[in-house]
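Look for chain A in each of the two complexes below; its partner is chain B in the first and chain C in the second.
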Partner chain A sequence: MDILPQAISDAVLLAGLYTLMAVGLSLGFGVLRIINFAQGEMIMLGAYGAFWLFTLLGVDPLISLPVLVIAGFALGWVIFSGFIAKVLDAPHINQILLTFGLGLAIQHIAIILWTGNARSTQPAYATSSSLIGDVLVVHGRLVAFAVAVVMVVALIAWLRWSETGLATRAVAENRGAATLMGIDTRKIYALSFGVSCALSAATGVVVSFILTITPFVGFPMLVKAIAIVILGGLGSITGTVIGAVVLAFGETFASYYIPDGSGWAEGIAFVLIIGILILSPRGIRGQAVETQ
Partner chain B sequence: MMGVRTASASVWALGLALALLIPLFGTPMMIDVAFRICSLVALAVSWNLMASAGLISLGHSAFFGLGAYAAILTANLAGAPFWLTLVVSLASGALLGSGIALITGRMRGIYFAITTLAMSEGLRVIAVMLPDLTGGAKGAYLASKSFPGATYINFAMGAVAVGTCLIAWALSRSRYHFAFRAMRANEHASQMLGIYPLKYRVAITAISGSLASLAGGVEVWHGGYLDPALAFDLHITITSQIAPILGGLYTLSGPVLGAIATILLGDATRISLGHIQGASLLVFGMVLVVCVLYLPQGIRGGLSDFFRRRSANAAPSGVSTRPADVARP
Partner chain C sequence: MRHRSNSILFAGLAVLAIGAIPASAQDVFKIGAPVSTSGRYVAYGAQAKNGIDMAVEVWRKVRGDKVAGRSIEVLFRDTQSNNAITVSLMNGYIQTDKVDVIIGPDGSNAAAAAVPPWKKSENRPIWIMPGGSSDVIEKEVGPDPYFFHTYAWSYYYHESNMKAFKALVGSGKKVALVYSDGAYGRAHVDDARRYIKEMGYDLVADELVREGSADFNPTLTKIRARRPDILYVAVQTNDAIQLTKQIQAARLNIPYLIGTAQAQLPEWQDAVGDSQNCWTGVTTWVPGLSYAADKKEPKLFPSAADWEKAWREKFKAVPEFLEVGYYASTILALLAVEATKSTDREVLRKWLEEQQYQTPVGDSKFEKSRIALHQAFGEMIVFQRQKKAGGAFESVLIYPAQIATGKLQACTQ
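This part shows the complex of A and B:
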């Protein structure tokens, strides 16, 4: 049996998840020019939210999704006003260390509250699957892909057609000019940080039924998301999709075709980061980050 | 001011002299604490050297782990003696450091942080995936015929800590210090002044990386065992950035004070909250956040503020001014 169709199908479904995972980071970085090193912890919190709603109240992750997206947005808004807003104009070192410290604290609060045990939600579709031709499709992955498409399309629609979305793009493009146009940049910052956390919470909900979750689940995802964002270039959703496709195909094909590949696949994000920095620091699309 | 300087120099000299007695006469617990402080001093000073040139490392465990693997591999595969494995550690860290500086090129700041973060993860994957060479996830034991003895190794770590501080001191006296400050403040403006940033950046990452790797090399001889999770432990990354921030960024004594405080804080939380898994890293995370927001000059800044206020009270006419050298991160 040829495994190529199976590999392609797996990679496409994974690319959906990766796009959702990276698009929040991309938005936050594109608008605030701050990499949120606590973004992985937002994914983790979303996953635990889904887990507890499922385990304690029996709520299907897809039903808790909108609730957790709103909760993620609120938490993002709070984190922005409480912490991020204080370092907006501070040197990079403060911004990097602050978000890194926040992530560390959130991660270990989660360990204290919920232990380090691996968990997952088990709705019926998480494990059921169908055979289409030679290709086995796990329904959970299909649902994850659908959620990712809906969220990303909603994000694009918001950025393109709503007034706040247009203002967000204006701030991302040129903060000074946006301020002169009467846009409240601080509000836009809070809004996009909140949306970026909401997208990560949604990623977490999806992750809860296709992978196992622990409090440490966020950090490797952050590294992958960063690889995708700098591969795609900043401030470009198309670029993020391309980056996600490249990483998903790279990882999936490595685990299918290389002996011991699933172990090596974990290093592909790292290879991409180094490769892009050497070859094309601007990424495939999008603008360069400041060279300062 | 001279009085304060001589006083603080003699405090440091006395502390060092007392510390030298620990490996010979200390209890095992004291020796253990002193060893870990020395290891962290080396890492923290090394981290601070990079930070002082505007390069933020989020993966200092990459240097530490690479140095540790370099030492254990040369000892086990080539049968190299103690000091020779350390030379290899040193060289590996210098290579990795200058490599990262060259790769990130003109893009410092965020990209440097990302690359070091990714480097640590990447090296861990490599160490896991090459079991024939590294022992893989199961780890490897140091199998050297020429073990120099525990006291010797304790002194070696002490020497690494002192040597690291001396190098940082020498750099602070050289033109490098001024070049770094200029680069940190504004790299474009520093180029106008005739500073070629890449040269300085490669030099500082090579020096700083080699010192962190050296600490890793000595640590392997101390522990006698290495696995990827131990070598590229996030804990190393975190403590080596918390120590300088807690002590005082961009200063000489800050990372040393911070290393002592970090080890003691870590041990105190482990003793008092040890039954709660993850408590010590939660405390470290909160320290990081609080320091960035409220204590940007760390313990050292707090101390010198305190002494300045006291001397200002003693001489009411004196106007308390901040010395220009106190760095603001």
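This part shows the complex of A and C:
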């Protein structure tokens, strides 16, 4: 049996998950110039939200998705207003410490509330699959891919064609000029941070049925998301998609074609990323980033 | 003359003072109980604490508030599921609190972290460990006379699993092994391979997976191509949950699925739902065991059924394997002090080596394991998760034959 079609299928589906995981971080950085180290915990909260709605009320994760996206947006707005807004002009190290501390606090609250037990939702599509020729497609992964496509297309559409989206891009490109044009930058920041957290909540919903939920699930995802965003180029949505594709294909092909490759896959993928960054230090589609 | 009387007076006071210190210390029997009541292993810590609490409560009900004239003090301290804190707790128990016995900590990671501070101490107390299975701990502790392991070592899992399958389906089958690259998988893989081969099976796939991997499908695709009869999985619980669901989705058509520790955990059972069907696992204890009460101490060690009933009444929950292990270990420590009227480690060691009770988790007699001098409660039961008529799952005991409650079923996917 030729495993190439299966490897490509697995890699494409994984790339969808990775894109969804990283795109919120990319948006947040592109506009606010802050890497949100609590982004992984937003994913974790989304996953727990889906889990509890599924377990207590029997709500399918896909039905709970819009509710949790709105909740994620609201939480993001609150976090921005209560914390992030206070360090917008502070040194980067303060911003890093704040978001990192927020992430740790959220993680520990989750442990206190829900214990460290591993959990998962079990909608029927999570464990069903179809054979297309010799290629096995797991429905849960296909659903995750579809969610990623819908969310990323919606994000791009919002940024391109809506008034607030255009304002967001203006702020991302030149904060000073945007202010002079009468754009309320503080509001745009809050909006972007909210959208970024909403995307993470959506990722969490997907994670709830294809991975394992614990209060610690966010951090490894944050690490991968940062790698993807740096690879793709800080602040570029298209670059993030490309970065996710590179990481997913790197991991999957290493797993298939190298002996014991599943154990080495992440390492090999990260070596690939380092190689690309040596050749192109700004990432694949990076933009210049002002530093203080 | 006056000078001499003063000297005698001071000497007398000194003797009284010296005598007074050990007298007050002797009034208390101190148990150091490092438990993970917060952090990643909080579920294990809660079980450990419940087991000790229940043991002390039963002791007080049956024998009164004291043991050999001493009050009982259990120093529960939270490891926070953190190895550095566990080290600090162990130092505190030994150097500052001067506990007589340590029971715990729960889980292999914390238990492994607790070894160096205990081992380096000259005056280390008796250490009873009902919660660590990694044989790395056994190697680090070595043949220490004061160490008493009251749970199965990791290699017992594989020996029991493969003995069961040899007895139930015969040898000569093809086995695919999946293990993770973390501490859990590495601790298990060598013995899993060893017993698979020793019992006459053909290891057709031997696949390493990354702990916390986002996708196990590449590994499963490779395994499908080898068409094994048995899939043997040695990964920790988080990965086992995702892997179990992916195995069901992958439609591998493998007749037998063998797990290690995860299949006995409600955490895994709840998280995987219907995907748990047909998985076999090993444990030292499951609800419904038919162990009789101890003849000498029937109130402290009732039959497994009566103990389970009492537990359900108190906690309104099904007891877990760690809970019964901690219960039996704590009662043994209390019996040791009462029988010897001493907290001296040499005296306690000797008594523990010689005792034998029938507890709700099995025979308490300590035997030698590969390296450790004292090993009890390591006898393992092999069970299979089977879906019953009402749709609920239960653990059907399939091995050893004398306690079996049902038959091994081949998986249909």
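Here, the second predicted complex is superposed on the first by the 278 of 292 C-alpha atoms of A that agree within 3 Å, B and C clash if a C-alpha of one lies under 4 Å from a C-alpha of the other, contacts with A are read in each partner's own complex, and residues count from 1 in each chain.
Here is the rule we go by: contacts are C-beta pairs under 8 Å (C-beta built on N, C-alpha and C of every residue); 3 or more make two chains touch, one makes a residue touch a chain.
What you are looking at is a predicted structure, and each value in this text was computed from that prediction instead of being measured.
In the superposition on chain A, A:96 makes contact with chain B only, not with chain C. When the two complexes are overlaid on their common chain A, residue A:266 makes contact with chain B and with chain C alike. In the superposition on chain A, A:220 makes contact with both chain B and chain C. Residue contacts after overlaying the shared chain place A:230 against chain B, while chain C stays out of touching range.
By the touch criterion stated above, A:277 is placed in contact with chain B alone, chain C being left untouched.
Within the superposed three-chain model, A:58 lies out of touch with both chain B and chain C [touch as defined at top]. In the superposition on chain A, no contact is made by A:133 with either chain B or chain C. Looking at the shared chain after the overlay, A:176 reaches neither chain B nor chain C. By the document's definition of touching, both partners, chain B and chain C, reach A:116. The interface of chain A with chain B overlaps its interface with chain C at residues 111-112, 115-116, 220, 260, 263-264, 266. Against chain A, in their complex, chain B makes its touches with residues 51, 54, 56, 58, 103-111, 113-115, 117-119, 121-122, 125-126, 128-129, 186-188, 234, 238, 241, 245, 249, 276-279, 281-282, 284-289, 292-293, 296, 329. Residues 38-43, 81, 181, 207-210, 212-219, 221-222, 225, 237-239, 241-242, 245-246, 248-251, 267-268, 270-275 of chain C are the ones touching chain A in the complex.
Contacts from chain A toward chain B in the complex involve residues 35, 37, 83, 86-87, 91-94, 96-98, 100-109, 111-112, 115-116, 215, 219-220, 223, 226-227, 230, 260, 263-264, 266-267, 269-271, 273-274, 277-278, 281, 289-292. Within the complex formed with chain C, the residues of chain A that make contact are 1, 3, 6-7, 10, 14, 17-18, 111-112, 115-120, 122, 126-129, 131, 136, 138-141, 210-212, 214, 216, 220, 251-252, 255-256, 260-266.
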